[in-house]
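Same chain, two partners: chain A is paired with chain B first, then with chain C.
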Partner chain A sequence: MSVDGYLEAFRSQGRIVVVGASLAGLRAAEALRDEGFTGTLTMIGDEPHEPYDRPPLSKQVLLGKVPPDHTALPRRRLVDAEWRLGVAATGLDLAAKRVQLSDGDSVEYDRLLITTGVRARPWPRELEAELDGVFVLRTRDDATRLHHRLKAGPRGVLVIGAGFTGSEIASACRERGLSVTVAERGAAPLVGALGGVVGEVAAELQRSHGVDLRCGVQVTGLEGDAAGRVRTAHFSDGAAVEAEVVVVALGATRNTEWLADSGLGAGPRGIACDAGCRAFDVRGIVTDDVFVAGDVARSPHPLFGYQFLSLEHWGNAVAQAEIAAHNMVSASTDRRPHLWMPSFWSAQFGVNIKSVGVPPMADQIIVTQGSLAEHRFTAAYGHQGRIIAAVTFDQAKWLDFYESEIERAAPFPPEFPTVDRRPEGMQPVPAGFPDPSLPSHGPTVTLSGHSPTDRRITFTPRRA
Partner chain B sequence: MTSVALLHRITDFANRPDPYPLYAELRKTPVVRDEAGPYLVSTYWEIRSLLHDPRISSDARNLTAEAAKATGQDQDPDLPPNFLRLDPPEHDRLRRLATAPFGPPDTPRRVYDMHGELTDVVAELIDGCRGKEQIDLVDDISYPFPVTVICRLLGVPREDEKLFHEWADTIAAGPDPVVTDEEREAKLESVRRARRELAGYLAGLIEERRRSPRDDMLSAMAAGHGADGRMSPVEAVTTSALLLVAGHETTVNLITNGMLTLLRNPDVLQRLRAEPDLAVPLVEELLRFEPPVQMLPQRTTLADIDIAGTIIPKGASVYLMLASGSRDPQRFTDADRFIPDRSDNQHLGFGHGLHACFGAPLARLEAQLALTALVRRLDAPRLAEDPPPYRPNAVLRGPRHLPIAIGGIKD
Partner chain C sequence: MRLVVDLNRCQGYAQCAFLAPDVFTMHGDEALMYDPQPDDEQRRNVRRAAEACPVRAITVEYGDGAPAAGTAGASRVG
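== the complex of A and B ==
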């Protein structure tokens, strides 16, 4: 049988199942139809909601500017799919090409796309996590509950973890006039994602906006009252903080447990796939019919030493979903690589933060425009003499330039003058990243080794 | 080093109605030194990359003396540059202060809330054409409309328009390249005089608003905003002069070019009449196809820049040929065709990067409302003259008059 003949039949009458009905899943489904796929399409999502947008959940929703149920993702086109929402996938049989579902049913596919994303890492002590007033923030329901409680004006809010989500939550609380303590195990907020130099600026931002920021401490325990409501948090430095709301923002866990015995190269760091979004099996052989996209995927990027990158970035989810969809219905010579330039943004304490490239790979940093002290700057990150990333605080309009510098591996430190190069920006300094082998809730880019079946790195959440 | 002699042909008034074939010729060499001195950048990706390049300055003080003289961009001894001619951090501070009363994050609804008012202004102007068999679109509508709007927004009395009209026109011709030394001197002198006179006029108004503020941008700029403090009196003058002139001299061409293009493409005019929502992508296509700002002639290099195989030396004068970039077939399919619902239309009509058009949201809305109202209410419009007579300006290019024969005005 001709393979091309198979492809034609598949495009017209094949069965595609997408597991994970959020941003990547929806955009992939739309792209599949755009690509001319006319077979059956099944969308499986563990949440009961239609696909919605997550970035507003830690910003506009907490501020009450947007109701949680007004975050549905805009639809680009009709997808004509069977939606199975509120049902989780619980297992995968690669040989039988079948996905098992939590309601006991199963779905067969000719090609499968996995976009199961990540979930919030919960507070590790289960009894404490169940106290009333302890929250995580990942889903729309999380945001609804947290917003409801913040609106009531709690007397103290404790945010555990000063990564992007934690910092944005603290920012929203301050904007609501609530008193906020932020506890961060690292030396500064955002230190895992942006390093110590920029982390210091983030710390100043928090403090100047009235956040009681405590760095270099861990929360050792949460204590409730007789009614089971959280009241006090104990810190590793012996301090105790009163709080009626505790938000646990310790990063995310990849939703791969359902694949544990499937034979797919899936683990705590995500599902390994090639640049064409095809999943690897545990032997390191690329599969023909299983594709991956979004936060749960790890794929090699030539610009960054072919390391397998896991990116929890909105733009990456969209771009990778489109590539995966294209490749799922294309002949091998028409396939495209996913070579997206990592980039993300955050809004906190009145500042727009944007990043391109992979800052945590860097050894050095230099401020090429503006000034750290003014909280408006562009910083370039260097890795072994070339530019590897750039971050802006309220200067996002320059990022296109730095992106092209990263793409062409331009030398670091950049020697040229710029329209706003200050004396402080003439010498590179150490970028100040913590040891990347230690698990951290901070980075939104995780460098996880060179090999798809690299099992040497195991994720062991440190007990608090 | 390749060099061409195209700039004098582009500025030659005879080529004003259709400069686009010259741009096509220019694009054969994406970056090229013109005999007249400046480096001309004419292709989309190269222009775009320079618009985002922090080694490119808008401050004339960074030109070499020779380049400054050749392009007639010497520093005005009377007044400091406005933010269009400044780099960060000075540019950023002034632009933030000017943005505070105009747009997000502090005043996100300013332009949106003007919708009703703008609709009324256009309706009145069209009503004023009743009984005519021929209108001049420029004098009757596309000039008075944005002028009325910018005056209200800033808080400049509309009746003073006859005062500053002349100044604004003179200043707007400032960026145009000139050929002879005599022309250069004469123009420099007249531009400086106009700037002085306009500045004197605005200084009086701003002082008045400082004493008794109203709900307008002059009052807001006089009062200052947040951590950035407030503009000095001279900064308030240069900034408001910039906004007044920009509000005067650009949207008029967008609306006029728009109607001209519609009358040349009657099927599109019909479509807009039936589908008013088409106005949104149509105005974007206009900004690509017939942009009011044809080029940015006021950039220079802070270092030697290697681009598209050419090195532009430090301190050189660089012209970014926006209208050419927006017609680059490497970027846009059927680049020379007007396609009102073109998708993926990231044109260069409003520039890009740091100096991206400040008034863009207002200009878009003005053009959308004006064109929709015009096609709905002008009965049987047709061009009385094609091409129409053009203004002399090569940079802020557009017709001086656009005579349109009409069957009447509909309600």
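== the complex of A and C ==
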């Protein structure tokens, strides 16, 4: 049988299984149908809910403006799939092309797409994590529980970890009028994602909004009362903070455990795949029928030296899902590479923070427009003499321009004049990223080496 | 009715906040907050907002079987 003949048969009668029914899984399913796939489609999701949008959970939902169950994603089209929700995938048999499910059932596929994403990293001490009042925030159910407790007006909230999620939670709490302490192991909030210069702005933003921000400290223990409710947090500097609610915001862990013995190149840093979203196996050989997209994927990006990037970005989940879907039902010469420009946003303390490119690769930063002190600026990041990323605080309209500069590897520091250039923006300064070998949390981009087995650099710790 | 806004694409023109103020609001100078599941009585306003968005960042599923508007999240191949 010719391979072309196989593709035609597969497109009309094949079986595709998507494991992971969130943003990436849903958009991939829609794209598969758009591409003309008419075979059977099975969607497997461990959460009982239909695909919903996560970014509102730490913003509108915690503020009480939107009920947690009003976050279901709009559909772009009908997908005509069999949905198996509330059932986790527990194993993968590559040879038999079969996914094992937590209910004992199994599903066979001709092609498989893995979009299992990440989950919140829990508080590492299990007994303390079980105290009443200790939360994480990743899922809709997490948001329901946390919002319910915040609504009751707890006397003190402690947020452990000042990455984007932790900072947004702190912002929502302050907007609700709650007293908030933020404990951050690094030198400043957002330091892993945006570096020390911008991190200082984020710190100033938090403090000016009444957050009791403590940087350079670790929470060494959580203490409960006789009824098992969390009451006190102990810090590495000897301080103790009273809190009725503790939110653990220590970044995310990739959902790859179910693939442990599968032979797929999956581990704590995600599933390595090629630029076309095809997964690598443990031998570093690309698979024919297993594709990956979204937060759980780790793929080489030509704009960034072919380093493998893991992007916990909403836009990446959508874009990579579309590429994976296209490639799953296309002949090899019709396939496309996933070349999405990393981009993300965060709204906190009334400021719109947006970024393009990969800031953690940078060695230098220059404020090209506006002023750090005014919390309204555009800054460009440089890596070995080229622009590698940019960030804006309430100046999003300039980002498209910087995106094109990154795409053409424009020189750094930038050679063009800019409006609203201030004295502070005349010279680049060190970007102030923490030593990547030190544990941190919160960066939304994870860099790794040039091959799936290369382990020289990692920005993602295994523990908080 | 369900909607989502691609906030990578959003540049804070705030057209939506003028046309459907009960659904889209500016939070601070530039950050957009929205109700992802507005009441059906907002349908006309939401449609106008989605169509007026200069960067086509709003995807709406009207719940009547009509195809969703907008192109939110479409791949931006660089």
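Rule of thumb we're sticking to: the second predicted complex is superposed on the first by the 453 of 464 C-alpha atoms of A that agree within 3 Å, B and C clash if a C-alpha of one lies under 4 Å from a C-alpha of the other, contacts with A are read in each partner's own complex, and residues count from 1 in each chain.
Keep this in mind: a residue touches a chain if its C-beta (ideal position, glycine included) is under 8 Å from a C-beta of that chain, and two chains touch if they have at least 3 such contacts.
A quick note: this is a predicted structure, and the numbers were derived from the prediction, not measured.
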> For A:134, is the partner it touches chain B (first), chain C (second), both, or none of the two (neither)?
Replying inline: neither
>> Between chain B and chain C, whom does A:370 touch in the aligned arrangement: first, second, both, or neither?
In response: first
> Looking at the overlay, what does A:397 touch: chain B (first), chain C (second), both, or neither?
Replying inline: both
> Given the touch rule stated above, what does A:75 touch, chain B (first), chain C (second), both, or neither?
Replying inline: second
> When both complexes are superposed, which of chain B and chain C contacts more residues belonging to chain A?
Replying inline: C
>> So in the superposed three-chain picture, is A:322 touching just chain B, just chain C, both, or none of them (first/second/both/neither)?
In response: second
>> Applying the document's definition of touch, where does A:418 land relative to chain B and chain C: first, second, both, or neither?
In response: first
> Of the two partner chains, chain B (first) and chain C (second), which one does A:65 touch, if any: first, second, both, or neither?
Replying inline: second
>> Between chain B and chain C, whom does A:345 touch in the aligned arrangement: first, second, both, or neither?
In response: second
>> Does any part of chain A touch chain B in one structure and chain C in the other, and if so which residues?
In response: 376, 397, 399-400
>> Under the definition above, what is the set of chain A residues touching chain C in their complex?
In response: 27, 53, 55-56, 59-60, 65-66, 70-77, 303, 314-315, 318-319, 322-323, 336, 339-341, 343-345, 347, 349-352, 354, 376, 394-397, 399-400, 403, 406-407
>> Touching residues of chain B toward chain A in the complex: what are they?
In response: 48-49, 52-57, 59, 87-89, 92, 302-303, 353-354, 356
> Which of the residues in chain C come into contact with chain A in the complex?
Replying inline: 2-4, 6-8, 10-12, 27-37, 59-61, 67-68, 72-78
> Which residues, counting only chain A, touch chain B once they are in their complex?
Replying inline: 368-370, 374, 376, 378, 397-401, 404, 416-420
